[in-house]
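Below: a set of structures, written as structure tokens.
You will see chain A twice below: alongside chain B first, and alongside chain C after that.
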Partner chain A sequence: MALQILIQGFVLSGLYALIAVGFTMIFSVGRVLNLAYGVYIMLGGYIYYAALQEAGLPVFASFILAILAGVTFGLLTYLLLVRRLEDNPIAVEISTLILAVVMQALIVVIFGAAPKTMWPVIRGVLRFEGISVTMNILLATGVSWVVLGSLMAFVRYTHLGRAIRAVSMDRKGAVISGIEPSFISMVTWALSGAFGAIAGVFFATFTQLDSHMWVFPLIISVAVVIVGGIGSIVGSLIAAHIIGFVETITTTIIAAELRGVSTMLLIILVLLIRPKGLFGRAEL
Partner chain B sequence: MSIDRETMRYLGWWLAFGVLMCLLPLVVGTGTLRILIFAHFLAMFAMSWDFLSGRTGYISFGHPFLIGIAGYTTAILSFRFGVPIYYSIPAAVVATIVGGTLFFLPALRIRGTYFALVTLAFMEILYQLTKVVAPKITGGTRGMSGLESIVSGAVNNYYMSFGIMFVIGVVLWLLIRTRLGVALSAIRMNEEAVRSTGHSTTKLKLFAFSVSAAVSGVGGAFYVHYIGSIAPRGMFEINFLFTILVAALLGGAETIIGPIMGAYFLTVLLEYLRPVMPGMERYLLYGGIALVLYVVRPAGIYSLIADAGRKVQEWRR
Partner chain C sequence: MAQLSISGLDVFYGRAQALHGVSLEVEAGRIVAVVGPNGAGKSTLLDSIIGLTRRRGQIQFEGRDIGRMAPARIVRLGIGYAPERGNLFPFMGVKENLLVGAYRKRDAIEENLRTVFDLFPRLEERQNQETATQSGGERQMASLGRALMSSPKLLMVDEPTLGLAPRVCLEIAAVLKDLNERLGLTIVITEQNANFAMSLAQEVYLLETGRIGDRRTPEELRESADIAAAYFGD
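Up next, the complex of A and B:
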């Protein structure tokens, strides 16, 4: 039991960290909550599905297409919507929620309302001491670690990455040192779309494709931001693990139906007790 | 509150609106009336949202939570325990006000974007719980159907729903014109400033939350008895929240009249698009309209009409 919780907890948390990272980035740089973030995940899943299972493209090409779709949509959200409302976080929140419902309708119009099953990215099951884990979800965890690691290296060691960090720490200061914040915002939104799409492919193979699938990843992302505090990568990694483990423990020990409830209660509790998040404010 | 000339003029408009809507069943068929009944319920929910979020600036993403408490309370009491609806509906309203207080607790500590998310979390929790906890009483995923109706026939339901909406509308509208209403708006603009004038923002907020919850409670309880069924899906759904939000925003938040107009506009638009666009395309269209209008004209349809009215007056001078 303990081993099962440990393995499932780590695997699930890895997936959650991957889901949340794109959302956290935008919050950290722009201080806005992008409620259309779940759409990037849904879009990633659907484009991958269409390319691989309907058009018959190879896995790698399908992945690239999914990422491109995420990047495009991320940029469009920023340029057409968020940039016009940027001084008002509540307006951004409301308008991105409306956008998400519009995109949900668009997905139904294009792909139909019936859920679709996706092939796993890689096949096979790993058995260990009577516990079985699919290779697919292990790959998702691996990808999650690689993505988060490279993102951390990117924001620490590259010029562009350091500029992103500078904007997230102090916008005015960044402008004074010659950084163009609107360009940095565009880079962040594009990256966020890409991360969302990658996470979406794995999330969709983990569950299934349907037009409501954007809600759950969004809630996970929101929970990570709230539990972890304002957008540090390490903070959100820890938060993803807290959420993943709380969920695994609840579902294995108490009842499987309470999957979403534990995360919600965690959000409410943390907001009530420590509104700034468990790890307080930190830069990217 | 002194009744000045402007208030009198507006009250005249309300009266004209009431008379017009009361005469409507003489002209139009029952099909149209049934559409308008839905508009009335949507208007109640949108006004409730507006009184809380449009006034105080505490954006609620959890109004289906309040409406759901009302709906489930009256449904369970009347359907499972045989309580007459004369008692179950008031009980539902009281339960919703209690739920609204629960809603209010996070508002003591957080505001802005986080508050909206907590209310969303409340809604999701109730969605999960109604499915899992005591399915024998709540009906689980399938919910309950065959609930007792209050009056029968389209015309009677039309008058009932319109009457409730009209009374709520006038009361809320008068309320926001008092000093209390001004204080609530001031909370949206600068909460610290209100506190520094010696007013208790906690009391003011509690008042706004209770009134909003009571309106949702009345609307929700009558609504489930009108449609005769209740289920977690459909009630605690983001699409339902979306409809309420869009009705309020489209019409024009902070005005009480705006949400009523938004509700009529939305319901009638949706209904007339049904033959052309049977499914989700309608959400696509009106979501698109709402989005464009929100970005271009955040104050909504009401402000467009008010501007036009002002232009006409200037032109006549």
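Up next, the complex of A and C:
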């Protein structure tokens, strides 16, 4: 059972890290919680489904379409909503939450209320010591590591990536260096939409497509921010693994019905003990 | 014609007016100091030149009206700014901080890094140290260095000596003089410490409660008894 927990824990954590990364980016740069973030995940899943399973496009093209949808929706959220409410995080949070509920209704109107089953991105099951893991979830974990690795390299070694970190650490310092925060925000929201959509495709193949599917990823994302604190991608990565492993251990040892509950209890626990998160940096 | 020329500059924070009709001229290649007590509006003045405030009035740099430009464009035109306390990026290393300063000037990074490291060898020794863990003096150096990475023609430094030990102040002063004499950089500094300002600058403006006086030389200032009493104690 230990090996099973280890494998499932890593796989689930990888997916959670991928789910959360777009959300934590927005929080680090703009200091707002984008409660519409789950919509990018839902949109990624539905667009991929529509392209692949309804329109009959190839997997790769469907993936690209899903990412484009995420980018577009991320940018629109920023340009039409967030930018106009910039100095008021509570207004941003309320309006993004409303946006998520509106999008949920829209999804029902377009695709119907019945859940849909997605084909796995790749088929096959890997068996190892009596434990079976689907190739699809292994691919999700692999994609997660590649995406997060690229993101880390991007923010560390490129001018644009450093500018994103600069804005998140000291806005005035960034502006007097010639950086335009509104442009950096647009880049961040676009990237966030892309990451959400990628995560959405894998999340939907892992569970199923339905109009409520934005809620659970949002809780995971909030948990990663709260457990990890803001400041570093590595911090969120570790947080995603704590959350993933706590959940795997709870569902394997105690009861499968407790999925999600352990995560929420963890949020409350960390808020009580370390409000700035386990790896948070006080100055930020 | 002056390199930087400001006339009738009004700046508001909400409904409170921070600067009242400020006028000021800076010739290319000079060191000019704006001296005034805490809260006089010194930082506001420099913030306004780089485009960070809501401002009204004329600001011209090399004959171009920059009074309504965004900071990114003003930086590109050649104004560098080291604000009070630096506004560095605390969880980046020194070198990364400097590289952010090169955001608008990417074709001279190697050269500019060399210049900065030659001016401040300590920054080169500690180029990977996060600025959050640096001393005040090192941070001031990193902040000046970051401003220099955009190859400015005019460098603005807000209170370069604030909170620094006398020895470090002298080091900073020597570097500013060197930048001015060797590289021909125009320098505008603000100071509470009038003695420091006058030892460095060729021209001095006094700024008080958002209003600016006439341009004077340090000698003229020393001779006028009322000002000497107000700024240099006994």
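FYI, the second predicted complex is superposed on the first by the 280 of 284 C-alpha atoms of A that agree within 3 Å, B and C clash if a C-alpha of one lies under 4 Å from a C-alpha of the other, contacts with A are read in each partner's own complex, and residues count from 1 in each chain.
In this section, a contact is a pair of C-beta atoms (placed from the backbone, for glycine too) under 8 Å apart; a residue touches a chain by one contact, two chains touch by 3 or more.
These figures come from a predicted structure and were not determined experimentally.
Steric overlap between chain B and chain C is absent once the structures are superposed on chain A; the two fit side by side. Of the two partner chains, chain B is the only one touched by A:Val215; chain C is not. Contacts of A:Ala61 after superposition: neither chain B nor chain C is touched.
Within the superposed three-chain model, A:Val109 lies in touch with chain B and out of touch with chain C [touch as defined at top].
Touch criterion met: A:His159 reaches chain C, while chain B stays clear of it.
Between chain B and chain C, more residues of chain A are touched by B. Using the contact criterion defined above for the overlaid structures, shared-chain residue A:Met169 touches chain C, although it does not reach chain B.
After overlaying the two complexes on the shared chain, residue contacts for A:Ser177 are found with chain C alone; chain B is out of touch.
Minimum Cα-Cα distance between chain B and chain C in the superposed model: 18 Å.
Overlap of the chain B and chain C interfaces on chain A: none, as no residue is touched by both. Within the complex formed with chain C, the residues of chain A that make contact are 159, 162-163, 165-166, 169-170, 172-180, 231-232, 281, 283-284. Chain B makes touch with chain A in their complex at residues 57, 59, 61, 105-106, 109-110, 112-114, 116-118, 120-122, 124-125, 127-129, 131-132, 238-239, 242, 245-246, 249, 279-284, 287-288, 290-291, 294-295, 298.
Note for the complex: chain C touches chain A at residues 50, 52, 70-72, 75-76, 81, 83, 86-92, 96, 99-104, 106, 132, 146-147, 150. Within the complex formed with chain B, the chain A residues making contact are 32-33, 81, 84-85, 89-91, 93-95, 97-102, 104-106, 108-109, 113, 211, 215, 219, 222, 226, 255, 257-261, 264-265, 267-268, 271-272, 275.
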